[in-house]
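Order as written gives the chain letters A, B, C and D; numbering starts at 1 within each chain.
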Amino acid sequence: MLEAAEAVRQLTQAGAALAGRGWLQGTSGNLSATLASDPLRLLITSSGQNKGNLTPQSFVHIDEQCRVLQGEGRPSAEAALHAVIVRQRSAGSVQHVHSPWATVLSGFYAGAKGITIAGYEMLKGLSGVTTHEHSEWLPVLENSQNYTQLSAELETLLREYPDIHGVLLRGHGLYTWGADVAEAQRHVEIIEFLLEVAGTTDMLRGRFAQAQ
Amino acid sequence: MLEAAEAVRQLTQAGAALAGRGWLQGTSGNLSATLASDPLRLLITSSGQNKGNLTPQSFVHIDEQCRVLQGEGRPSAEAALHAVIVRQRSAGSVQHVHSPWATVLSGFYAGAKGITIAGYEMLKGLSGVTTHEHSEWLPVLENSQNYTQLSAELETLLREYPDIHGVLLRGHGLYTWGADVAEAQRHVEIIEFLLEVAGTTDMLRGRFAQAQ
Amino acid sequence: MLEAAEAVRQLTQAGAALAGRGWLQGTSGNLSATLASDPLRLLITSSGQNKGNLTPQSFVHIDEQCRVLQGEGRPSAEAALHAVIVRQRSAGSVQHVHSPWATVLSGFYAGAKGITIAGYEMLKGLSGVTTHEHSEWLPVLENSQNYTQLSAELETLLREYPDIHGVLLRGHGLYTWGADVAEAQRHVEIIEFLLEVAGTTDMLRGRFAQAQ
Amino acid sequence: MLEAAEAVRQLTQAGAALAGRGWLQGTSGNLSATLASDPLRLLITSSGQNKGNLTPQSFVHIDEQCRVLQGEGRPSAEAALHAVIVRQRSAGSVQHVHSPWATVLSGFYAGAKGITIAGYEMLKGLSGVTTHEHSEWLPVLENSQNYTQLSAELETLLREYPDIHGVLLRGHGLYTWGADVAEAQRHVEIIEFLLEVAGTTDMLRGRFAQAQ
C-alpha cells in the first residue's frame, strides 16, 4: 500500500498535469489514492480545492462511509463514488476530471447509454488491452445529486461491465481508475484523447447535424 | 477588506493563469479587487498592461468616479463597469476576459439577448448553485464606446437579474465577479468552460449552419 | 532607436511567447527589430532558428539590401519583406508567424483578396483604432518564392492601404508590425485572435460547406 | 555519430516539447537516435515511459534485431519500425507521436491510401523542399499488431516513395525522421501543423459530412 506522504506527492503531480490540460477548471474534479483496503482508507482531495496547485492540506483521509479520519476540510459528496470504484476494482487510485469533450459527448451519447471506441492504437494504453482491434465500451450514467442512488447505480454498472476502464456521468465528466496513481492518470489521458478523436470524427462526419 | 499588497499578489497570479489560457491576448481584459466599500476604493489594472505579467506598477487605486487615488497610469474606460458591479453585487473582485468562444457566441446569441446554460455539473462551481439542474442565464449586452450609457445599462441588467453570475458584451468578452479574487477567477474558468461546451455542441448540431 | 542587446532580449521574449501559442512550429516565422533607420539597420532572426528558444547567436544585423553586417548565419529570404515594411511604416519591429488559422483562412479568402474583420472590441488593441465599430481590412497576397517580386507587391499593397495593420501571405502566414517590439507582438496576438474568431464563426455558419 | 549521453539529452528535450503539445499522451509514442550504423545501434525509449519526463533510465540501446545491448526495460514492439526507417533513410533520429488530428485523418484518408498536402509555405521546413509549390504525399499504412509484417510493408513503402518525409499508421499516429534529433523534431512539428491545417480545411468544407 502507498504511504500517505508519497500518495500526496503523486496526486499533487497528477493534479498539476491534468489541470494544465484544462480538465480541472474552477475547483472541479477530484483525485484519490488508496492507503489501505481492509478496512478501506482513502486519501482524497477535499471539496473546493484548485487541483492544479494542491498541497498536503488539500487532502483528507476517509473511511468507507466517507467519514473524515484525518485532515481539515470535508470530502466532496462524490467521495462515495471513489469508494465504490476502489471496492469493485481494487483500484489504487481513482481520478475524476471535467473536460469539454467528455461533457459534450456524454450528452450526445446519453440516448445510446454510452460510446463504443474501437480500432485505435491508443486503446493499448488501457490496462489489459493488447491490440487496437479492441472495442472499448464507455458507459454514460445519468447525473444526479443523490449520491447514494448514484453510488448504487455505479456499483451495478461496474458489475455488469467487468472490463470497462471508465464511466462518463452525463453533462458532468469522466471517472477512471488504475492499479496506482500513474496508471489512473494514464487512463485519464488516454480516454480524453479518444474522446477528442471521437468528437472530432463526429464533427467531420456531421453525425449530429440536424436538417435545417 | 483585502490589503492592497495582497490584492496585487492575488490579481497578478489570476492574470497569469487566465492569460495562460489565451483569454487576455494583446493587452485586453482588466482585473480588479475591492479595497474598501464605503467610500468605494478599487485596485484595478491600468490601461495597456499585459495581464500575463503584472507587477505592482501595473495597478492603480480608484474611487467610485474612477479617479486615480494612487499609482501611475490611467484606468481603462471600462473601470466604470467594475464599479457598477462592485456596488450592485458587493463583489470583492471583478474579472473581465476576452476569449474566442465568448466573442463568437455573444454574436450568435445577441438576437436572443443571452444564452441559457443548463444541465451541467460544472454549474455547481458558480456561487450559490447546488445542482446541475440549475439553469443559468448569461445575458448579452450590446457593446458600446459610450461607457456612461453602458454602465447604466449594466446596472439595470444586474437589477433585473439578481441571480446571474456573468454578462457578455457583444463581440467583446465576459464580465464576471465573486466575493474574492479566487471566486471571481473560478467563475471565469467555469463560464468559459460552459461557453466552450455550448459552442462545441452548437457546432456538432449545425445549429447556426445556413442553407447553402 | 533600440540598442542591439536590448532588441535581442525583447525579441527572444516575444519569440518564446508566440512559439508557446504554436505559431512558430518547426523553424518557421521570423522576427526583427529596427536598430537604425538612416541608413537602415535591422536585427533579424537568421534562417533555421527555433524561435521558441533564441539566443544572441540566433540573430544577424542586416542593411537595406539584406547584406549581413554582423553575426553568423544568413538572413531568411523573407528579410526583404521586413525591410519593405520598416521603410513603408517606419516600424520598430516586424513579426511574421505561421498559425493554422492564418494558413487556412488565407486560402478561403484568397479569392476575395482579403478578409474584413469588423465589430469586435479586440480591434481596439490595433494601433490607432478607438472603437469596435472599426472595420479592418486584412489583405491576402499570393505567396511566391520570388521575393524580389513579392517585396514589390507588398510595397504596392502597403501604399494602397495606408491604414492596415497586417498582411496574410496565402498558405503561408501573417506579417504584422508595430512602433516597437511590444506593439508588434500585441498586433500578432490580436490579429491571430481575430482570425480564430472569424474562422470559428465561418465554421458555425457552414460558410464554406459545399453541397454534398 | 551521436554520443549516447548527448543523444539522451536531445531526445529528453524533444520528448518534453512534443508531450507539451499533447502528442504523447499516456505513455504513447517512441523516440530514437542512431548511435552507430554499422553494425546498427539505436538509443530508444523503452516501453511504458511517460515521454514528457524522460531520464537516462528511460532508454535502452538495441541492435538491428531489437535485442537490448544496454539499459533496463524492454523496447517497444515498434522498435522494429525505427530500425527499418534508419536503414532505409540513413536517419539519425526517428520520432513517432500520436496526435488527435493524425489519428482522425488517417481514418478518413485510409481509403485513398494517403493524404496529399500541397501549396503551403510550411512544407519548406521539410528537408530538401524549397518551394511551397511542392506536393507532399503522406501515405497511410493499415495498422497491425504483427510488427514483422508491418516492418516489411513499411520497408516496401519507403522504397516505393523515396521522397516522403513521414508515414501515418491508420488510427495510430505519425512516424517521421531526420538527419538528427532536431530535424526529426522539426518534421514532427511541421507535419502535425499541416495535418491540423488539412483537417480544419476539411471541416470548413464539410468534406466528409454525410447526407442526413
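Following the convention adopted for this analysis, a contact is a pair of C-beta atoms (placed from the backbone, for glycine too) under 8 Å apart; a residue touches a chain by one contact, two chains touch by 3 or more.
Being a predicted model, the structure only gives us computed values, none of them experimental.
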item: Common touching chains of chain D and chain A; value: none
item: Superposing rotation of chain B relative to chain C, computed on C-alpha atoms, to nearest 5°; value: 90
item: Most widely separated chain from chain D, with each centre as the mean of CA atoms; value: B
item: Shared interface numbering between chain D and chain C [over half = same, under half = different]; value: different
item: Gap in Å, rounded to a whole number, between the CA centres of chain B and chain A; value: 30
item: Chain B and chain D, separation of their C-alpha mean positions in angstrom; value: 43
item: Junction residues of chain D - those touching two or more other chains; value: 203, 206-207, 209-210
item: Category of the chain touch graph - line, ring, star, complete, other; value: ring
item: Set of all touching chain pairs, with the criterion as stated earlier; value: A-B, A-D, B-C, C-D
item: Complex contacts: residues of chain A adjacent to chain D; value: 21, 119-122, 125, 130-133, 182, 186-187, 189-190, 192-193, 196-197, 200-201, 203-207, 209-211
item: Chain D residues within the chain A interface of the complex; value: 22, 25-28, 50, 98, 100-101, 103-104, 107-108, 143, 145, 169, 171-173, 199, 202-203, 206-210, 212
